[in-house]
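Letters A, B, C, D and E mark the chains as written, and numbering starts fresh at 1 in each.
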Amino acid sequence: MTDSILMFLAEHTAVAALLKLVLLVLGFVMPLASLSTWAERRQSAMMQDRLGPNRANIGPVKLWGILHFVADAIKMMFKEDVVPAKVDRFLFALAPVMAIAPVLITFAVVPFGPDLCVGQVLSVVTDPTTCKATIPLQVARMDVGMLFYFALASLAVYGTTLAGWASYNKWSLLGGLRASSQMMSYEVCMGLSLMGAFLVYGSLEPNAIVTAQGSNILNWGIFTQPLAFVLFFTAAIAETKRAPFDLPEGEPELIGYFVEYSGMRFGIFFLAEFIETIFLAAIVTTVFLGGWQVPGLDSSGFGSFHLPHLAVVLLQVVVWSLKILLLCWLQLLIRWTLPRFRPDQLMRLGWKQLLPLSLLNIIITAAVVLWRSGGK
Amino acid sequence: MSTTTQSKTGMKKLAFGMPTPDEIASGGVHGLSTRPKVPPDLMSKLNAAELEEVEDIELPTEPMTINMGPSHPATHGTVRIVLTIDGETVRDSDVQVGYLHRCFEKEAEHATYTQVFPYTDRLNYVSPLLNNVGFALAVEKLIGIVDRLPERAQYIRVIVGEISRITDHLTCLGASAMEVGGFTPFLWMIKVREWLWELLEELTGARLTHSYVRIGGVSQDLPEHFIDKLRATLHKSTSVLTECESLLVKNRIFRDRMDGVAAISAEDAIGLGWTGPCLRSTGVPYDVRKDHPYLVYDRFEFDVPVGSVGDNYDRFAVRLEEIRQSMRILDQAMTQIPAGPVLLDDPRVAMPAKNAVYNTIESMIGHFKLIIDGIKVPAGEVYSYTEGGNGELGFYIVSDGTGRPYRCHVRSPSFIATQSMSKLILGAGIADIIPTFGMINMIGGECDR
Amino acid sequence: MSTHHAPSSHEASSSTGKARGKVGVRVVGRPDSLEQRVYLPEVIRGLGVTAKHFFANLFSRKYTVTVQYPEEKVKYPDRNRGLHRLMLRDDGQVRCVACMLCPTVCPAHCITIVPEETGNKNEKRPRIFEIDELRCVVCGLCVEACPCDAIRMDSGVHAPAVDFRGDAIQTKIDMLKRGTSSVATQGGVGHEWRQKQPSVKQYDPPK
Amino acid sequence: MSKADLDKLVAQFPQAIVSSHSNHGDDTAVVTATALKDVMRYLRDSAGFDFLVSVTAVDYFGREPRFEVVYHLRSMATGNRLRIKAPVHEEEGGPSAEVATVCDLWPTANWQEREVYDMFGIKFTDHPDLRRILMYEEFVGHPLRKDYPKEQRQPLIRRDYSLS
Amino acid sequence: MAESYTTRLDDALNWARKYSLFTYPFVTACCGMEYMATAGSKYDIARFGAEFPRFSPRQADLLFVVGTITERQAPVLHRIWMQMAEPKYVIAFGVCASTGGFYQNYNTVPGCDQVVPVDVYIPGCPPRPEQVLDGLILLQKKIAEATTWVQRRDRKEVELAAQSTDGRKRLPVVA
């Protein structure tokens, strides 16, 4: 029964992709994004020696304050949706969608697990290439995966810029301008810093990069490309517009490009930011932390300790989630520790410091790759 | 650039969809009619090189007038800054204060000298006890009892004043840290402030608006174990301060935000009437506590921290160091404090003891006279100055011999410092306004009075 | 931080008699090292400090200072100025003799007293004694001014938040409920009243 | 601070100084409003009083001249202080109804003089930007004058929410 | 039947609104120091889900009027209240915001309820954080009991009229 369903899915990739997308987005990303709003509140509270939200209750159930984000969501949905006079109504409505859609779409290229061998889920699989049919645990596997990501990520900038422009508010316009200049500048650096990893692993396809990293932890991107890891992580945080790069928002300065948005439209911007952090964590995991790879775990199990295929896959998916959680935690830690940059300093950092460094990284990587391949 | 100039220079090459200069001038384009007009005198403010640059560019940029405040998250008090910006560069600004004008001076004319104390609490509401002390010293100077103040009262005034100074600087530093994005150090500093407030509450009965000092001394003696608790609290606070320092002073991002921003020379600062930490940041070691030692400040050893550049970082570091120096003063004051009365024993200024009021008719009559008529202060005028949280806090009091001040003027350091904001932020970015404003530490109550 | 003592030019004597002391000047440092210049080491150190707080608070609440207010309460110090209360005589009558000192001294004019005759021609008593807590600035001058220990603010409770402006008015009855008898013929039991009168009605905040 | 400075000033401007005293240790010189600018310039440039501490005014209602503008000066070098007072009449056009600004000598006087103008209605000639500072433009009258009632409000908006 | 559904929905909504109060701190004066203290680590207003200060009135639910409102400030406050999206609540924080306190003079508004409708008044000058939290709990209680915003306003006036005869002194309700 299970096998036939899996077989059906392996054959009808479109259905499978839809299913995976639903699973990934509704089952993982959205809950995690909502939870991370809670985590942010609780974690920042812990860092600041306080307790954070803990009082919302349904009857005796309090769940350490998790219910607060439920309350936030319900409240926002039913809050009055103010559309100020003189705004460009179409763009004003379009902007939140433009902000959230690209980030959700880009999850399509993120591999969240190895290929599932259809028909052998309960037995030990030593060589996954011998499977007769596989379901990749990745929504869309395309050769230009990372380029796809960059293309879509650069679309996200329209959301913020449009929001700033359409709001008919000078502060939001300034915020939108800051956002567009910041995101465009840092995209360059992001792309270039990943170039080294592409050279090392010889592919643009995320799953191929993960597979190439293998279960040997020393072969992971963070060790083969340590400089690129720091550069990419920095640039990508800048791309998510979170502190210390939250200039478009810059709470005490500009208040943000979404200053005129209320209710759920604001909620979407709010959520998009958190989804972006998760997505950033997913990309960093894929390229630098071995994706779904578990140290020492091959497709047959830990060395001579064999595990059924399903257990291996599950373990890998769980470890993948844990890596993402860790990175989200790290981002929150950074967000609540560091002060904010100034726009000109941000540009200086991006163009004059990160960009040359990432070029240097490419040159060094290329030289090493050339040397190791014996000049062939 | 004014719109007329645009059409004169004949810039035809406009991007698609951009309004033409004529349209801008007539306001005919949809959505542009409410655009603020460029201040006509802006052209005269640009120098020749900038003017050329403006005329050379292909796409015309229009300076934008934008309102910062009066309800803006970064303005400590309430202030409105009308900015003319070009991109994010401030070309011109008009700082408007007065949103918190609560008429202290008028209220003081209608209150007895004792009733003024609650009002002084709310002048610089971050360090109320320093204002209390300043006002009390002014009235005492006018009555002529400054030299007869009980020694213990003088020490207590020093102690509470320095605690207040610490809380003032903590709030200022914490708030500026928050405004550049460091929310965590802000809350840690507020935590320390909370410890100090708890101590002050034990002593005075209120957390923030203490109304503790009285003419001729202070209203209550130190409670039991106050000194020990203060010692312990200061000890705890030091470690938190060190942590905050490691997050801010040594952090490159924070330094980038503060270093070299809004620097000012000592001459300019003196011309602008700066005092306190702001003046000291420019390297002038002027501190009223050293310059004109009131109370018992001449008995303590402490240094006056000064800066070298006069930028925001110096103002930050001077305040941070002043917290340490205040702790040093507190240490010495706690060991030196003698026993004795805390209120001058003079029926003309000090209320009689409660027991005496309850049981003797003379005290009862004196009590009634003091409450209903107030303290009779001899006619005359006096200017007395102390070191407040933000600088020289002066009270100019004119008395006509009755129990109420005829005129009570406050020389408020923040008011005087705030007027230099326009000068400081000229040419800076919008992002620089916030730390600059934070380090000027404009406190609405004191600035607008 | 480097310290140097600048040559003091401030040695003239002031007219108040106290000599202007030599100014010990300390130039604040501008720490600047390579480590700081490259951002990363200090950033990581900063993260370490906050992470330390995070884990310490997560596992042992080591630094956490939060008081969960409606459930946990901090005891206010004895001198705390809270809600007003009117003290009682031995016979349970209000001590106030309507001498009008407290309305006179109150800078906010929040006290209303309407006196009435008691039958004893030497003194009066308040028929209405009301304090508008929404006007009271908690300065404590009324307590200081009271010549017969009738009004105090040491009830140890704070004024409750209200949703009608009128609810904030404390009437004579309200304040008498919180009052205790003053055992002295004129004075009071002093600041230890709390120990002697444990059964003070505590304000119960809304849950 | 230092009586010598005051004596020197009196000797320098015998006509301009109306009176002087040193009560409570505050050296004070009363200067005619017309001569104020010269005295201030001399004090700043020649006598070393380079720091203008504060500018304020007092309304002696019922007395002629009605107002007194009060300046406090300090010397950064010696720490000496000096108070200069200039009597000002109320009526416009009368003798010394206005007083010259000292903004050009000390930039700090700018806002303080605006405040005096706002609160007392005393005009400062040649002031670059004499507007109200603490009160709003629509405000009529000068609140710190003794004849302005303390509680006379001049609201800017209608208040119709008192019901709730 | 339909009514019971709407009641359930209202309950859920009110529950959500109660625990998700984004505040707009209209901080003008001294009370701001106690506002900081309330938001600070010791009292931690975040426990009630009210820690997000949204400095855009569009996104705020709760307007904290913290400190003295002067005549010059009153139009600003009114405008900010107008910009807020429904449902919106107002807390007058401290005596200056509630009644003007001891500032009874030419430039202070005697209570911000002359400019915006106020739901909860917090006494104290400035209020202790405990008092602020009391006020917040009271507001939460009011939100939980309310059916809709408009009905709540009406009910308040009815109650006010009914209670004005119970012998206790009431402030005049008409300006």
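Convention: a residue touches a chain if its C-beta (ideal position, glycine included) is under 8 Å from a C-beta of that chain, and two chains touch if they have at least 3 such contacts.
None of these values were measured; they are calculated from a predicted model.
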Apart from chain B, which chains still form joined groups through touching: one piece
Pair sharing more residue contacts (C-beta pairs) when D-E is set against A-C: D-E
Most centrally placed chain - per-chain CA mean versus overall CA mean: B
Distance from chain D to chain A - Cα centre to Cα centre, in angstrom: 64
Euclidean distance of C-alpha centroids - chain B vs chain E, Å: 29
Distance between chain centroids, defined by C-alpha means - chain A, chain B (Å): 45
Chain C-chain E separation of Cα centroids, rounded to whole Å: 23
Shared interface positions of chain C, touching two or more other chains: 10, 14, 16, 20, 43, 46, 49-50, 64-66, 68, 107, 137-139
Contacts with two or more other chains, residues of chain E listed in rising order: 40-42, 44, 47, 55, 72, 102, 104-107, 113, 125, 128, 156
Junction residues of chain A, two or more chains touched: 47-51, 251-252, 255, 336-338
Residues on chain A engaged by chain C in the complex (per definition of touch): 43, 46-51, 230, 333-334, 336-338
Chain B residues within the chain A interface of the complex: 31, 64, 66, 72-74, 88, 177-184, 187-188, 191, 247-248, 251, 253-254, 256-257, 429-434
Chain A - residues contacting chain E, complex: 41, 45, 48-56, 58, 65, 67-68, 70-76, 78-82, 251-252, 255-256, 258-263, 266
Chain E-facing residues of chain C, complex: 64-70, 73-74, 107-109, 128, 130, 132-139, 158-166, 168-169, 171, 205-207
Chain E-facing residues of chain B, complex: 70-73, 76-78, 98-103, 106-107, 118-119, 121-122, 125-126, 171, 175, 187-188, 190-191, 193-194, 197, 207-209, 444-445
